[in-house]
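Next up: some structures, all given as structure tokens.
Two complexes are shown next, each including chain A; its partner changes from chain B in the first to chain C in the second.
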Partner chain A sequence: MVDITKLRDIAKEVISRDDVRQVIGYRPGTYGFRARPAFVLEPADADELIFSPACINNLATYIVIEEKLPVPRGQEPDSRKVAVMVKGCDSRAIIQQLEEKAYDRDHVLVLGIPCEGVVDMDKVNARFPNVDKGDIALEGDKFVISFNGTKEEVAKDELLADKCKRCRYPTPLVSDEMLGDEVERFADDDFSDVEVLEKKSRDEKWAYWEEKFSRCARCYACRNACPMCYCEDCVLTRLEPMWMRRSVDISENTAYHIARAYHLAGRCIQCGACEQACPMDIPLMDLNRKFYKDVRELFDYEPGTDAEQPPLLSTFSVDDREDFIL
Partner chain B sequence: MAEATKTAEATKTDFEPNIVAFLCNWCSYAGADLAGTSRIQYPPNVRVIRVMCSGRVNPLFIMNALQQGADGVLISGCHPGDCHYMQGNYFARRRFNLMRNFLEYVGIEPERVRMSWVSASEGAKWKGVIEEVVEGIKSVGPMDSFKRRQLNW
Partner chain C sequence: MNGKPRIGVYVCHCGTNIAGTVDVEEVVRFAQTIPDVTVARNYSYMCSDPGQALIVDDIEKMGLNRVVVASCSPRMHELTFRKTLNGAGLNPYFLEMANIREQCSWVHEDSIAATEKSKRIIEAAVVKARRLEALDQKEVDVEPATLIIGAGIAGIQAALDIADAGFKVYLVEKSPTVGGHMAQLDKTFPTLDCSACILTPKMVDVANHPNIELMTYSKVEDISGYVGNFDIKVRKKTRYVDVSKCTGCGDCASACRQAGRFANEFDEGMGMRGAIYLPFPQAVPAKYTVDKESCLFLSKGKCGETPKCLEACQPKAINFELEDEIVDFKVGTIIVATGFDVFDATLKPEYAYGVYDNVVTALEFERMVNASGPTGGKVVMLERGKKKKKKKEGEEEEAPKVPESVTFIQCVGSRDKSVGNEYCSRVCCMYTAKLAHLVRDKAPDAEVTVFYMDVRAFGKGFEEFYDRVRREGVRYIRGNPSEIYRKNGKLIVRAEDTLTSTPLEHETDMVVLSVGLCPRTDTRDVIDLLKLSQSSDLFYLEAHPKLRPVDTASDGVYLAGVCQGPKDIPDAVAQAKGAASAAMIPMASGKVKVEAQTSIVDETTCRGCGFCVEVCPYTAIELVEINRMGWHVKAARVNEALCKGCGACAAACLSGSIQQRSFKDLQLLPQIQALGVK
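After this line comes the complex of A and B, so read on.
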């Protein structure tokens, strides 16, 4: 894992630079085991930065959803960089955003954190319910959970987030400064979870998804947490044309989930932020992973690995499959 | 039990599906027009919406049609290489390929959403396409999984 003093020193040095506006990192949360995003504007604030397996948020989201207020006449917009701490998966979000030309490479300063996996908060909370304040650390292949003066060791596999169990890029693919030593790839992705769902019969599939979709409360937390959902004018909130109504029923929920997943086709970088944010435990990653798998098999394309490649659906190949066309 | 399945089978084949067809202005719309002017008989289940190019068809169109009571959707455009806008149908093909697999994944029958290439001279092919689409949709029955609920206040 990353040395915290080194992390804070680098953050301090970065925020002291003239061309950096803020550093986005993690700090301890106010309750439970959570860590929360920290927006460091002063060198003194950098002392509270941490990195632990509880740092599950994808901070790349904040680069694109930051509100850009109009600048008063005669003033120049603040063009200083935003420094952001990224894990392996988050770095792919930055690459994908660069690929889509969401901002210039000069706009961000990437502080890479080689990551050995983060926890799934739902699993932690199920195992240690009602903890006011606690810490999680990774030591070897065990998570060390400490709270109220007690310390417990749990095998890594039991609490590790599902996305980390199939993480192929633990070390950031893009970074200006690396905060730790490179991590060996420790997992691989065989899409067995998607294949299980694909093998169901048609009625079983719809019964499965109908139950999941009808749970949705349409809070749009999945959209807001997603680093790739950054349209200023989202089709979901647009009134004219109103693609789907606001009512919470199976029809609108299905349309919403299909639209949301489709908008991430060839763009989703498998960070799991949507599923993590979902209060109703809808397996959103299963939807995203279907597209991820298809895109890889049909077009041999992997989002968020190369900032120079054109976005998948804005290009085509003359040899694309067309055996389904009449 | 056997009787119940029999009646279900009967309603499946008896029902006349509503199909929304998005036809490109330059090829498929002209092809359907040719089928009409040549007095070719084909099933009257299709409601045509003319778009300038099959690349104009947003996957949201498909979702919206299915929500609003269409039993099936057909997208039709020029053959690859013949697009009036050079590349529009290539983009549509790529987009539709993903959409189709995905709808199948969430349990919506792939027979409901179809795509075809029909050129302006293929009136006879248009008839064949429509017959196949209608037959496919009849075999899967009415679309009721996520049709929009009609509220009568």
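After this line comes the complex of A and C, so read on.
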């Protein structure tokens, strides 16, 4: 696990550098077990940084969604680096962003966190409801949950997030400084969850998704949390041309979710930020994972693993499968 | 365009092609009710002169500012009607085609449903037409030069025609000599002209023509640019011989330590050559070439004390220090004349080619009957792979045996799904007849048999020639042999005479496989250079099978000869002349119009990911740094001269920031909506 003192020391050292504008990390949340993003601008801010299994957010998102306010005439934009703490899965978002030229490699300073898994906050809240303030730590193969002066141990498997159960890259694939020792891969991905859905009939699939999509409130939290969704002007909410109306109904919701999933085909790095952000419990990763599986099987391509490779959908090979063309 | 849209809708009957299925009167009545439609008419053939006159008349008298033609595919007549609009003083891009033929009448039988569908298609077109914008078609200057790739008979003929017309030609040939496959042939069917006699003067002409820059033993490495302005990079491979000094005397070849050790490619391996060689005596240019792989000095680093060729060469032309040379130049048009490979007969193992010495391909046999070939034109039995015994003093060389029976098998690798070639190679029937005739001529006592599926004697003088050969005693048996094996020193061809339904075993000394013509194995290289398409037979695809047979989908790139599909010499020459005149059109006019339906980038929303740059097949897009509210960000920029308006970028763009003119989201979306559920 990561040594918090070391983490804070490094963050202090980094934010003291002249060429670093801010450090993005985690700090304790204001309620329940949650942790929240921290934007460290001064060395003193680094004292509240933490890392725990509650640090579920993908901070790579903040690199790309930061608003670029107009620079007054005669001034130059602040081009100092952004330092960001990333888990293994989050680091893949940075690689994919680099693949897509979202920024130059020297724009970011990556602080890698080798990660042994984070919790699924829904599972935690179900097990320990109505907790005002609590902490989660990982000790061996158990999560230690402490609140109101009590401590409880729960088997890791019971609270671990699903995405961690199939994580192939626990140690960040890109980093300038590693904040802990490398974590060996403790899981693998056999896509059995996707196969369950694939086996459903067309009608069953539609019934499944109709129920899920009809819940959608179109809050766009999934889009906003996604490290790969960072267009200046999202086509899905553009007024002209209006690809989908803003009304919340099954037809428009379905169109929104299909378009969102398609825009992530060959780009989704499986961090699960969208599903985690969804207030309506829509299993967005079901769609993303189907694309992810297809992309892997059809093109032997895994997004966010190699910054040098061109993005999948911008490449063409004459050997590409075309048996889907009638 | 000023004011409200005033749209004219013109519904074509296309004879009965459309009107036979679609109720055009009803469609017109409907079209008149669509908002902004000023007039709707129908006519038997809109593309005809009176049909077009209807449109011109309405534009002039009714002040139309948009035109929808409901007829065939825009691939067929969009250009026709754009010209009509232009002639009437309306911007040609105010035209929208509604395809109610290919996408409706041709594919439906139910007249009522087809009529309803036509209405939808037309309404969608009207909705799009409302949002069309005037586009400017820019002109660019054309470089008055042509690149011709391949110097077989097609490339040679095209080069001579263009050069004679006064334009510069760069003729690039991969092998050390021009001439291609035709140079390998002895006689040509059906007239029995000597191939060399009619070809070699042209070969000499291309080498001497002041307007032709001949580059043999060279390869086109890179092509960029667009019609009128292609940038070409050619690698001239070194021959290790200074061609300005080489006199072609041949002293080097006789001196070479490796003389006679390697199969000569020109003789299809029937004759031998050394490491330094001239493919054949009439080769153009008559300059020797050192084959790097077989030269001892170049491959092993040592050839005796000094290479013998160096000593033998009087003008001191051989220089092992020479290196490849890269040449860059500009052309306006390109002709691809890369020819073919003959079918690889080992892919038909039942014919035992490569197993038995005397199963030969027709091209090998062609070299044998050629007077300047390895056997001096004699038809003899072969002992391949057997080392010649050293002649003892005074011993006479044993004369090679003349076959008593020669058997031809047609359609080897053609019209054969089992090897993936469904097409007819178009020359094998006649060259088989010609070779059969030559056997009659050169080995009069030999029995000659031809196994065939059909004899396709379709060209001028072909049937007469086929008849003549049969009258000369060549026996034709209709049947496709199933196997060749050897028994008692003879080859046995097992077949069925399908005319009498009799199985037979035919005994013979020599089998000639009439191999078909195949796309070259390096076809892919040219495709990568020029973005050509292939038809299902894998030959290069012409722009239109009937009306644009020498053009390709890429403007300024033309096809000549067998690279486009199997053809005989007169057809290859005719196509070469066609390609030459097609290539000269833009050069003669000096200007060429470039695509107007190009892409444009909205730099305020472009996120600079470069997907469009990667997918653009014409390298028309680049990422540039722009200033966006004081920030230095990357954004895509389109070079409109290079853009062909394929739309790949628009499809790839996630933020919808790159749009293709006339196919913008704002134009397409309402069109799709109009087609949707009402």
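Criterion: the second predicted complex is superposed on the first by the 326 of 326 C-alpha atoms of A that agree within 3 Å, B and C clash if a C-alpha of one lies under 4 Å from a C-alpha of the other, contacts with A are read in each partner's own complex, and residues count from 1 in each chain.
Keep this in mind: a residue touches a chain if its C-beta (ideal position, glycine included) is under 8 Å from a C-beta of that chain, and two chains touch if they have at least 3 such contacts.
What you are looking at is a predicted structure, and each value in this text was computed from that prediction instead of being measured.
Once both complexes are superposed on chain A, the partners chain B and chain C clash.
Of the two partner chains placed by superposition, only chain C is touched by A:Q75; chain B is not. Of the two partner chains, chain B is the only one touched by A:I250; chain C is not. By the touch criterion defined above, A:Y230 lies against chain C but remains apart from chain B after alignment on the C-alpha atoms of chain A.
When the two complexes are superposed, the chain touching more residues of chain A, out of chain B and chain C, is B. In the superposition on chain A, A:A207 makes contact with chain B only, not with chain C.
In the superposition on chain A, A:A265 contacts chain B only, with no contact to chain C. In the superposition on chain A, A:K101 contacts chain C only, with no contact to chain B. Note: residues 235, 243, 313-314, 316, 318 of chain A belong to the chain B contact set and to the chain C contact set alike, using the contact criterion stated above. Interface residues of chain A, counted against chain B in their complex, comprise 197-198, 202-210, 235, 243-245, 249-252, 254-255, 257-259, 261-262, 265-266, 287, 290-291, 294-295, 298-299, 312-314, 316-318, 320-322, 324-326. Interface residues of chain C, counted against chain A in their complex, comprise 524, 604-605, 607-611, 613-615, 623, 628-632, 634, 652, 654-656, 665-666, 669. Here chain A touches chain C in the complex through residues 68-73, 75-77, 100-102, 230-235, 238, 240-243, 263, 310-311, 313-316, 318, going by the rule given at the top. Interface residues of chain B facing chain A in the complex, by the touch rule stated above, are 59-60, 63-64, 67, 80-81, 87, 90-91, 93-95, 97-110, 114-117, 129, 132-133, 145-149.
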